[in-house]
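Structures incoming, each one as structure tokens.
Below are two complexes that have chain A in common, paired first with chain B and then with chain C.
For the complex of A and B:
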């Protein structure tokens, strides 16, 4: 009997040690899928445009610390965004223009557009081009499983996702989503061989109309020791952006 | 005929200094053009050879197909048509390799670097292992340890990794998904970065796993041919043999997707997205070394033409000298010509003596020029140059190569002889037409 009690106590202790994680009911993912849909919906500016200034601090063990300032324009209706680099001065004028499925990179020194991908890293940082648009968890991933637990003081769902196709850079993703407010606090992104590649932390959010966006993001490279990127979002606006901003001609013009 | 030739040769020897200077001028022209031709010939040969090694063959076959998600990927599946072509033309193929390739980020601790990585079937490519120079470690574990890697020494030093340690490689699958592998460093090899040959090697099946391919699939089939003259024909045969029924004939020059890569890096980066209509199955792209060499040969052709123009200018200057010299000779030998004519020598014979002199001068100049060119090329060709790494592509193991073309030498000699004859023709004709009486009564 004592042995049984000891085993039970040990089991409980194990659960407690694992971050107060309790396994959820088996295979019922409908409410988790609903959460993913809400996450996608609340990250998307349906009826308004969005602009902001992104300040990025890129820490690289070999290259040192670099600060970047990027002007962001977003129009989720039509899958468009424009990222214009303002700092450092050596990269000023470079831009990324998303037009539906096509992402173009403009280099003012060669005055040419090159096709690139949302899966690529942004300017050698730990952020990816896809990080600057709206989420697409519900359409790009399927739920593999989930747990309930805590992250700091927050009650969270820890959701395991698997990509439904090859359109996303990370085949496996783990999300820490608050139970009460549907905010992603942490992400872990895994390779096809299920090795942790990147951890994303989202400590601060702001609400703009019906949209909730993280105003601080930290991406940690889990493969290269000491590499991480912090992104702060400021000068947020939902004013209308003229159509011509989302054109190649505009990027060329601002560089004249 | 023999007599006139003998007299002509003796006449050359009579005025050694003058003949030496005239032949010297011709020799200099011959030296310049021969060296220039030999140098450009050598450079073309070296570039072709170095490119072949850098790209791993003379003929390069790549396969393209569309995924269900509408993405074009590069891979070759086992294909009966391809196997049959390889079997049919086996006699002309010196060797071929089936490789996968990637440009992963190699990571060790906080250090990272990008490096060309070839996935190789080590059992099939025994010649590769023989050609690699091991600086540390050995290839003994290659067969047993699938997730092993052979690294160029400088890459290992850059990463700070030692033989026997495990490092991370981060790459994208063919469809662009992130993937990570762990590989054990089994050996360091001597780097040949200057020739674009800086590559790491791992087993093809392991790299395929990371790239999201089956173990028996590959991305590149490179062939070395026994005879380089067959390259164009061979490429045509494979292009036609592998063309799908609904595929239009490939217009090589206008093919935008053809992108030559040296060590995995495109030489002609594609700035615009290629709009293609998806197709079923695999379509092949066949490239060959001559396509890559076209630009080089164009430049070399221009160089050779410039050399030819310089050569002709030198010859024209020399021709003026020869004409003047022969006019002087004619005046000097007026009495001699008169005597020969008085003894029954025909006008034609007199003319021929002068013309043979010109021919001998030209030939002597050519022989001297060729000899000097050989000596200079022997000396210069023996010097090992420690030049800029990019220059190594023009050299053969750091040495300048001179390739002499018999056709060009014969052609240039013919030009020299012809111009010498032309230069001597009018003085020779004037000498032949001279009246024997007037010539004998001449005071010169």
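For the complex of A and C:
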């Protein structure tokens, strides 16, 4: 009897799971795709530059708790960003310079720039290099399905996405997006085998001109219990940043 | 494919139905219970942030400190094992002054103290404290468009990890068994004109210069093509072999790939010529060559982060074709044997023999006997937190493929306690006596090391 119940339950789950995915071709996802486009648009600084200070608290079961302070300069027109590590002292001066498809990591001890990948984790934290630029949900993913639900006090769309190119760190993503304000509250990122790798939580945002950016982010490593990174954003500025900042020369100048 | 995916999702749901995500530890009602949008107060800033990073009041002082003790036992065929104990004490200190966003002066010195007694050739003890200037330069610019760095400075021209024939201007050379050690740079004026992702450089080099005609020039251009960065450069100095170089670095998925090619007219090395026997007469001719020499190298590096943390691996490998290497290794082996003979004769009690050997040794340059193979291969594997433990392991290989010889070092880092970091390892070489890595013959060293209170400040 118990075996029958288990089989029935498994069949129901299979139906649920299949039903969760199969409608991908049948349903009209245009309103969800429009949401993704709005998410991308409202994360991009089209006509202004952006700079801020990121304070990251990295909790690692092996290494303990480490604080990291990073100065960020961003120019979305031209896909540029510069991240300069200010703390801890052992990593001070290390920097990441992005320009289009090219990302360089600068090591001040060897005074060498090395090509690196946007997909890599940032300085051993649970954040990734790709987390520091604008979103590309509408161009890098296709909608596989969605549900409606609630998260905390907010009604949300829970959207399943599948990567259409290899520029993003994870092939499958699930987004919790508020229905009334198009804000991503939560993300779950999955491996090719659909294993949950990382959860992102975005409880606070601020509006800068037409752009809405998260000012508090929590990335939880779902593979190792207790590993997580909390990021808070401060010293926000949308003043123009001189061109020479987004150069190798600037990184060399600010370094010790 | 979709069916396969559905099956996977179903499987995950069935098998993982009772499992939890670590994010569930958060109280979502609390986290997402209030206003999502917050106002951030704008802080008054005296300087724009990009300028604030370029100035500071007073001097910034920092550096690092290292103290380690290594005990080793060397095993050689037909010789009793030899024990050694070596203590290494040293560090670096830097000073950084930034009175103005457009001007800074930076200096860095390395200190090392020979803990073990040091005795020179003549029997007198040398000064155990060694201080060397590693960098001393100033930064200034023209209208934030052309950037200058003048003085002794570390420079990394090439893109190779273990070998970098394109790095024609660094004074130091990469040690493939310890490739991340800081290299000594030249005394130079660097002019850097960045334009988007394209960078134009001109180095004017002053090392060893006694008259204007000896000043060396090295221009370089870096540009990107898709996701690949390409560097093209050259080196010219009177009485030295002129060189042209090309570097490429890119990514293939998660694999970082890099390559270098160098063409030189002539060589700064001298070459041993096959000829007379070693002892009659006791000389061995070396000659200069002015033909075209070609060097090429290619390699890759891969970081693997295991989802379960069991196999966090770093893998790197690089092949190097050395155009200045010997086709026939016998010639250079005989030169090394001859050099060994002269070193022995220099210790002789026979004054005539000693004088003759010392005179002959004056003509020798150790650089003539380094990097003499045509084909090299270097590789490393690093395994951090192996199998989710606090142990980390690494292995390095540097092989001269032309002569079937090489060196291997394996190290196991044990868990640190406070600032005490122990490690154990084995290193060995393979190859005949008097080959590049053979030295006095095959040997195996077992070592245990401990670093005490080392760190940066």
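Simple rule for what comes next: the second predicted complex is superposed on the first by the 229 of 256 C-alpha atoms of A that agree within 3 Å, B and C clash if a C-alpha of one lies under 4 Å from a C-alpha of the other, contacts with A are read in each partner's own complex, and residues count from 1 in each chain.
To be clear about the criterion, a residue touches a chain if its C-beta (ideal position, glycine included) is under 8 Å from a C-beta of that chain, and two chains touch if they have at least 3 such contacts.
Computed from a predicted structure; not experimentally measured.
Peer 1: Do chain B and chain C fit side by side on chain A in the superposed arrangement, or is it a clash?
Peer 2: By the criteria stated at the top, chain C and chain B clash after superposition.
Peer 1: Could you look at A:102 and tell me whether it touches chain B, chain C, both or neither (first, second, both, neither)?
Peer 2: After superposing on A, A:102 lies in contact with both chain B and chain C.
Peer 1: A:244 in the overlay: touching chain B, chain C, both, or neither? Say first, second, both or neither.
Peer 2: Touch status of A:244: second partner only.
Peer 1: Could you figure out whether chain B or chain C reaches more residues of chain A?
Peer 2: Residues of chain A touched, chain B against chain C: more for C.
Peer 1: Of the two partner chains, chain B (first) and chain C (second), which one does A:181 touch, if any: first, second, both, or neither?
Peer 2: second
Peer 1: For A:195, using the defined touch cut-off, is the partner it touches chain B, chain C, both, or neither? Pick first, second, both or neither.
Peer 2: both
Peer 1: Tell me which partner A:254 touches in the superposition: chain B (first), chain C (second), both or neither.
Peer 2: In the superposition, A:254 touches chain C alone.
Peer 1: After lining up the shared chain so the two structures overlap, which partner does A:114 touch, if you call chain B first and chain C second: first, second, both or neither?
Peer 2: A:114: touches chain B and chain C.
Peer 1: Considering only the touch criterion stated at the top, classify A:90 as touching first (chain B), second (chain C), both, or neither.
Peer 2: In the superposition, A:90 touches chain C alone.
Peer 1: When the two structures are overlaid on chain A, which partner does A:225 contact: first (chain B), second (chain C), both, or neither?
Peer 2: Both partners, chain B and chain C.
Peer 1: Just chain B (first), just chain C (second), both, or neither: which does A:163 touch?
Peer 2: Only chain B; A:163 stays clear of chain C.
Peer 1: Taking the options 296-304, 350-358 or 404-412, which segment of chain B carries the C-alpha atoms that clash with chain C in the overlay?
Peer 2: 296-304
Peer 1: Could you tell me which stretches of chain A are touched by chain B in one complex and by chain C in the other?
Peer 2: 62, 102, 112-115, 117, 119, 166, 191, 193, 195, 197, 223-227
Peer 1: Which part of chain C faces chain A closely enough to touch in the complex?
Peer 2: Against chain A, the touching part of chain C is residues 2, 5-6, 8-10, 12-14, 17, 21-23, 26, 28-34, 36-40, 42-43, 45, 48-50, 53-54, 60, 62, 94, 96, 104, 106, 139, 144-145, 147, 149, 153-156, 159, 180, 182-183, 185, 192, 194, 196-197, 199, 224, 226-227, 229, 249-251, 253-254, 256, 258, 303, 305, 307-309, 385, 390, 455-457.
Peer 1: Which chain B residues qualify as touching chain A in the complex?
Peer 2: 67, 69, 71, 107, 109-112, 168, 170, 172-173, 175-181, 210, 212, 269-273
Peer 1: Would you tell me which residues of chain A are touching chain C in their complex?
Peer 2: The touching residues are 10, 13-14, 16-18, 20-22, 24, 51, 62, 71, 73, 84, 89-90, 99-102, 104, 109-117, 119-121, 151-154, 166, 178, 181, 183, 185-186, 188, 191, 193-197, 199, 201, 203-207, 212, 215, 218, 220-228, 233-237, 239, 241-242, 244-245, 247-250, 252-254, 256.
Peer 1: Considering the complex alone, what residue numbers of chain A touch chain B?
Peer 2: On the chain A side, the touching residues are 61-62, 102, 112-115, 117, 119, 163, 165-171, 189, 191-193, 195, 197, 223-227.
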